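So, here's a batch of structures to check.
Presented sequentially are two complexes of chain A, the first with chain B as partner and the second with chain C.
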Partner chain A sequence: MRVLWNELKKILTWKMLILLIFINSVLYFLLIEFDIKHFPNGSHSYSYEMGIEMIEKYGTTMDDDEFIDFKRTYAHQVEDATQYLQSREEFVEEGLDTYEKFLAYDWWNASEEIYALRSNVFFEEKVELFWELQERERLLKFYEMKDVVPDVLSKKKKQRLEELIAQEKFGIYPEVVMMNFKTFIANVGIAILFSVVLVISPAILKDRSRQLVAIQYTTKKGRNLFKTKILAGIIATFIVITALLAVYFSLYSLNNTSMYFDVRVNTFIANESWFDPTFFQFILLCIAGIYIIGLVLGLLSMAFSTLVPNMVSLIGIQIPFVVGFLIIGLYPLLPEMISIWHPKWLSMISYCAMIIIVIIFTAILWKREKKLDIL
Partner chain B sequence: MRIFINECKKALTSPILITLLIVFSAFNIFIIVSSSDHKEELKIVNEIIDKYGREITDDSLKQFEKDIQSDLLGLTEITGKQFESIYDFLDGLRFEEQEQYSDRDWEFFNSLQLKEMYFGMANSIDASYAEIDVQDGARGDLKGYGISGKAAETYLRENEEFAERFNEMVDNEEHKEWFFAGKPYFMHSFLFKTVFLHITIESLLLIVLMTALITTYEFENRTQLLTYSTHRGRKLMKDKLAASLAVSTVISLFLFTITLGTYFFLFDYSHVWKTSISSAFNWENPFPYVTWWDLSVGEFLVAVVVLVFIIQLLFSGLTFALAVIVKNSYTTFFLVAALFILAWLLPTFMPKSSNLFIVTSYTLSTLTMAVSQSFMGSSGLILFKNFEWMTISCWTIITIVFCTITYKRFRKMDIQ
Partner chain C sequence: MIVVKDVSKQYGDFTALQNVDLEFGNGLYGLLAPNGAGKTTLIKMLATLISPTKGEIFYNGKNINDMDDQYRERLGYLPQQFGYYKNYSPKQYLLYLAALKGIGKKEALNKIDELLEKVALSDVVNKKMKKFSGGMIQRVGIAQALLNDPEILILDEPTAGLDPKERARFRHLLTDLARDRLVIISTHIVSDIESIANEIIMIRNKQLLYKDSVADICATLNGCVFETTIDYGQLEDFRKNNILLSEKQEYGQMTVRFIHKGNSEDEWTSVPPQLEDVFLYEYRDELEGEN
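== the complex of A and B ==
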């Protein structure tokens, strides 16, 4: 136990922790800050508010009756908008005295003065009503298209979409929260991945480059120390991931998305998935994904750490692996892991394969370590 | 000299450098080959330049139009119908009819279509450039980025100067020269952004790693007590710096040769070297690319390569200085990486109303990341005419001072 504790202390040194904090703050400003600071961004704030209103009024699913009510609210707001337009002389003069006319107007070919009126409503006066109406129209359009299955899809995808329609799970809740979470979690994944590699990589090489191994292996514990080192590395990975997740998710809580937690992922717009967890369960799934990816990469780093001759090669050899994983693996395995756009079992199989490969790799290394000549 | 060569050997013979050089070269070649589908289509520009000259004049355009008319007659012969333009024919073409025509016919259709596209673009140059108002665009930028106060004043002043240069450029007709059409092919951003950024970042990774390796070698291999007590002693650091710079040169030369070699092997630039980089065809974004000086494509390429090269040597020097302090290659690498990003983000931490906002963008990182728009006045917030040489000279001074200080400090340091 004491050996394990000391090995752990060797990995998580003060210097390393300071470097970790420095690197993470840089990565935070580079990758994550935007999704926290600018959420909801611009006109997305209306979608965000609309979603909350829908959840409060209709719950996490909407049936046809509730949709009739939604349309009724829309009709009320259209009346309000008409009244607003009639109260403004400039609009009446141009013949835009009802909202329907305002909506049907050919804005693309409008003269500059008329277009200025529209900009005035949307950007200078920022009349919320008009923004809200736009959002409602968008949602209504999605509702009308809920039964359409695109022809170009593969058979299985079509089947899944039809299944969802049969269960009356259509994407009608505004997707801003989901999109924001997906970019957030992908970037958190990148930051954590780099952090794990940074902290764990030198673990085993350090002793070797100080030529400590020869002394260590002649003690009573002997070569079993290698197993303790690996265990210490796993524990350190776990600590780093947990600490960073705690920090990043407390920052995420500033986005205030808890109202959406009970909405099922398939009822967000354009977010068809193979499985149907709630938003909160999806967050948990992503967290589990990050733990697995982190542990796999931590073990891989330790494996490289036992093989390479010096620190520079240790970094060099990991560059293609880490960058390759970021390019190919990160999105399908993290934010899109249950998305219908990837094969159903792709993420599950990849996770299992990664775990198995890494475990076998470590086992081989342990066997090698047992027989290795100590020079 | 022998010491210098042996220091170089430490880096150049390390298997990881060789492996990564091969992996990176293969990756670059893959990137270039996988986006070279349109390389045949680009050859039409060479044909046009051969036939009508590099510069677009009224006479040559008339000649071009005549030739297109005669090609349209050829189209009538093939199809038996009369068309105003190849687009009328292609739009009206039904799916079943496509198979009626032989491959040779299709070749003819495609080349005619391209010719008409280039002709249309060349014809509309004057009109599109008349619409551009540099000052108005600058005010739009300020609003978009939310810049005010002193920074806005500086920005507008520089734009005033750029507006003059822009008018001068239009008067000189630098923009009336043939080049690959920008909006369909994005050749400028592909070469100077995608390909160059790959080369730069890959070689920076290797350079930082190798500089850190050479500089901290004695400490990491526990030979410092021996080497630094020899006759050569602490002056060895000078050899290490020289070796780092030499290795950096070798690395970037290798990557540049392989990658650009592949690029120019696949894409035929032979006719457009002398075309101005500010050509109206080199127009990909809302604003065309316009340089501060009259540079041709070839000159621009050479200038950018030299720029990247200097940047890499400076990074090698900075890494050396940092490694002398840190004495640990692992930490050095991550610190350099983090500082690179930090310098790049620096302007975003500054108040948007003060000149600091503009001054802090004069960093090597910004220069590296925006290399495709260097020497240009159309590059948004870093349009300044002095941006490149100012950044380079400032950072050269910083690097030299930093290296000298750390070297002096190292000479008096206790070594354990």
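== the complex of A and C ==
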């Protein structure tokens, strides 16, 4: 236990902690801050509020009766909008005395004066009713198209959409929360995975480049120390991931999305998925994904650290490897891991393959280390 | 007792050691050879850091690699170049290694105080090692090798970086230690071991040349070592006809020590051979190559 503790202390030093804070601060301001500070952003705030209203009023699914109620609310708001337009002389003078006329107007070819009126409603006076109506119309359109299966889709994707229709799981809840979370978790993934690689990479190389191995391997503990170093690396990876997740999810809690937690992922607009967890379960799935990818990258970093001759080679291998993974693998394996836009078993097979490869790789390295001549 | 049985080591096409047979009992053994002769290879094999390509090494009849930690817990080893953590104090460093050696923390703390006293570092116990001189680091290295009170102590070039006073202290320490354990010192500095080693092991051309007492090894040159005084002008010719061991300027002339096998001349004084004479004689080709 003392040996493990010592190895852990060697990885998680104060210097490393400061570097970690620095790197994460930079990545936070570059990648993550926007999705926390500006959520919901602009007109998305009406989507966000409407989603909450739908959940509170209809629950996490909407049947036809509830849809009729939704339409009724829309009709009331249209009346309110008509009253508003009629109360404004300038709109009446231009013949826009009902909301239907306002909506049907050819705004692309409108004169500057009339367009200025519209801008006045939306952007200067910011009449919420008009924004809400826009959002409601968008949601109504999605509801009306709920049974449509596009022809261009592959057979399996069509099959999945038909299954969802049969189960009455339609994409009708505003997608803003899901989109925000997906962007957030992808960027958090980048920050955490970079941090793991940064902390773990030098773990084994440092002792070797300091010529400590000869003394370490001739002690009673001997070459088994390699296994302890790997274990310490795994624990350090776990600690780094957990600490950063705690920080980033504390920040995410400011987005106040808990009302959406029970909504199934397939009932968010344009979020058709192979499986159907709730939004909260999807968050947990992404967290599990980060732990798995983090531990895999941590172990691979230690493997590279065992094989390369010096720090320059280590950086040379790690940067293209990690950046390549983040570009190619991060989205399909994290925010889009169950999306129907990727093959159903891609993420599952990728995760299993990564775990198996890294276990085999580590076992090979241990076998090599047991026999290796320490020159 | 350690038995090295028909051990060879090859790195690809390069042979570092060939068919070496040795036996070590308690006492102090000096492994003496020029750099690159294979000393470190043999030492590293005894320390289980390198596996022999051929042959086996036994400790009390058991293969040392099969004994695994049972062998290593009896072993104290100081590599030729060893690492340390710059921000650790000697105490922290030795505590770290004590954990690896399976020594309890309380026991280790007592032992560390005792050892740092022995290597004259008790006044810098808690100072960071990054401020230490080469000699101080080497003394920490010696202390770590002694942490587990080893039955087998293997030291590779242990006096590197030590000043003459420290070397003398170190020789006393080794003499004490070798009374009840096996100590093997690898060095290319004859004076480090000449006066203290029970036996000297010399390796040449990858093979064992001598394993004998200092007296017996020196006896191989009995009657062949001379000293004489010559003029500068004669020096070139003298070098061609004899094997020069040392040259010294004195009163405008050269006093030379040399080896000559055959009839001696009257003005030559026969002197008793020293271990250094044998070393310089046996490794003359390698040493000339180095120069």
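Here is the rule we use: the second predicted complex is superposed on the first by the 375 of 375 C-alpha atoms of A that agree within 3 Å, B and C clash if a C-alpha of one lies under 4 Å from a C-alpha of the other, contacts with A are read in each partner's own complex, and residues count from 1 in each chain.
The definition used in the following text is that a residue touches a chain if its C-beta (ideal position, glycine included) is under 8 Å from a C-beta of that chain, and two chains touch if they have at least 3 such contacts.
Quick caveat, the model's predicted, so the values are computed rather than measured.
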| item | value |
| --- | --- |
| Joint occupancy of chain A by chain B and chain C, clash or fit | fit |
| First (chain B), second (chain C), both or neither touched by A:N6 | second |
| Which superposed partner A:D207 touches (first chain B, second chain C, both, neither) | second |
| Touching partner for A:P174 - first (chain B), second (chain C), both, neither | neither |
| Which of chain B and chain C A:V26 touches, first, second, both or neither | first |
| Included angle at chain A between vectors to chain C and chain B, based on C-alpha centres and rounded to the nearest 10 degrees | 80 |
| First, second, both or neither for A:S313, with chain B first and chain C second | first |
| Chain B versus chain C as contact partner of A:Q216, first or second or both or neither | second |
| Minimal inter-chain CA distance - chain C and chain B, angstrom | 5 |
| Set intersection of chain A contacts, chain C complex versus chain B complex | 210-211 |
| Chain A to chain B touching residues, read off their complex | 15, 19, 22-23, 26-27, 29-30, 198, 201-202, 209-211, 308, 310-317, 319-320 |
| Partner chain C, residues of chain A touching it in the complex | 2-3, 6, 10, 207, 210-222, 224-225, 371, 373-375 |
| Parts of chain B lying in touch with chain A, wherever the complex brings them together | 14-17, 19-20, 23, 205-206, 209-210, 212-213, 220-222, 328-331, 333-335, 337-338, 341-342, 345, 348 |
| Of chain C, residues touching chain A in the complex | 44, 47-51, 68-69, 72-73, 75, 77, 79, 81-85, 96-97, 99-102, 105, 144, 148 |
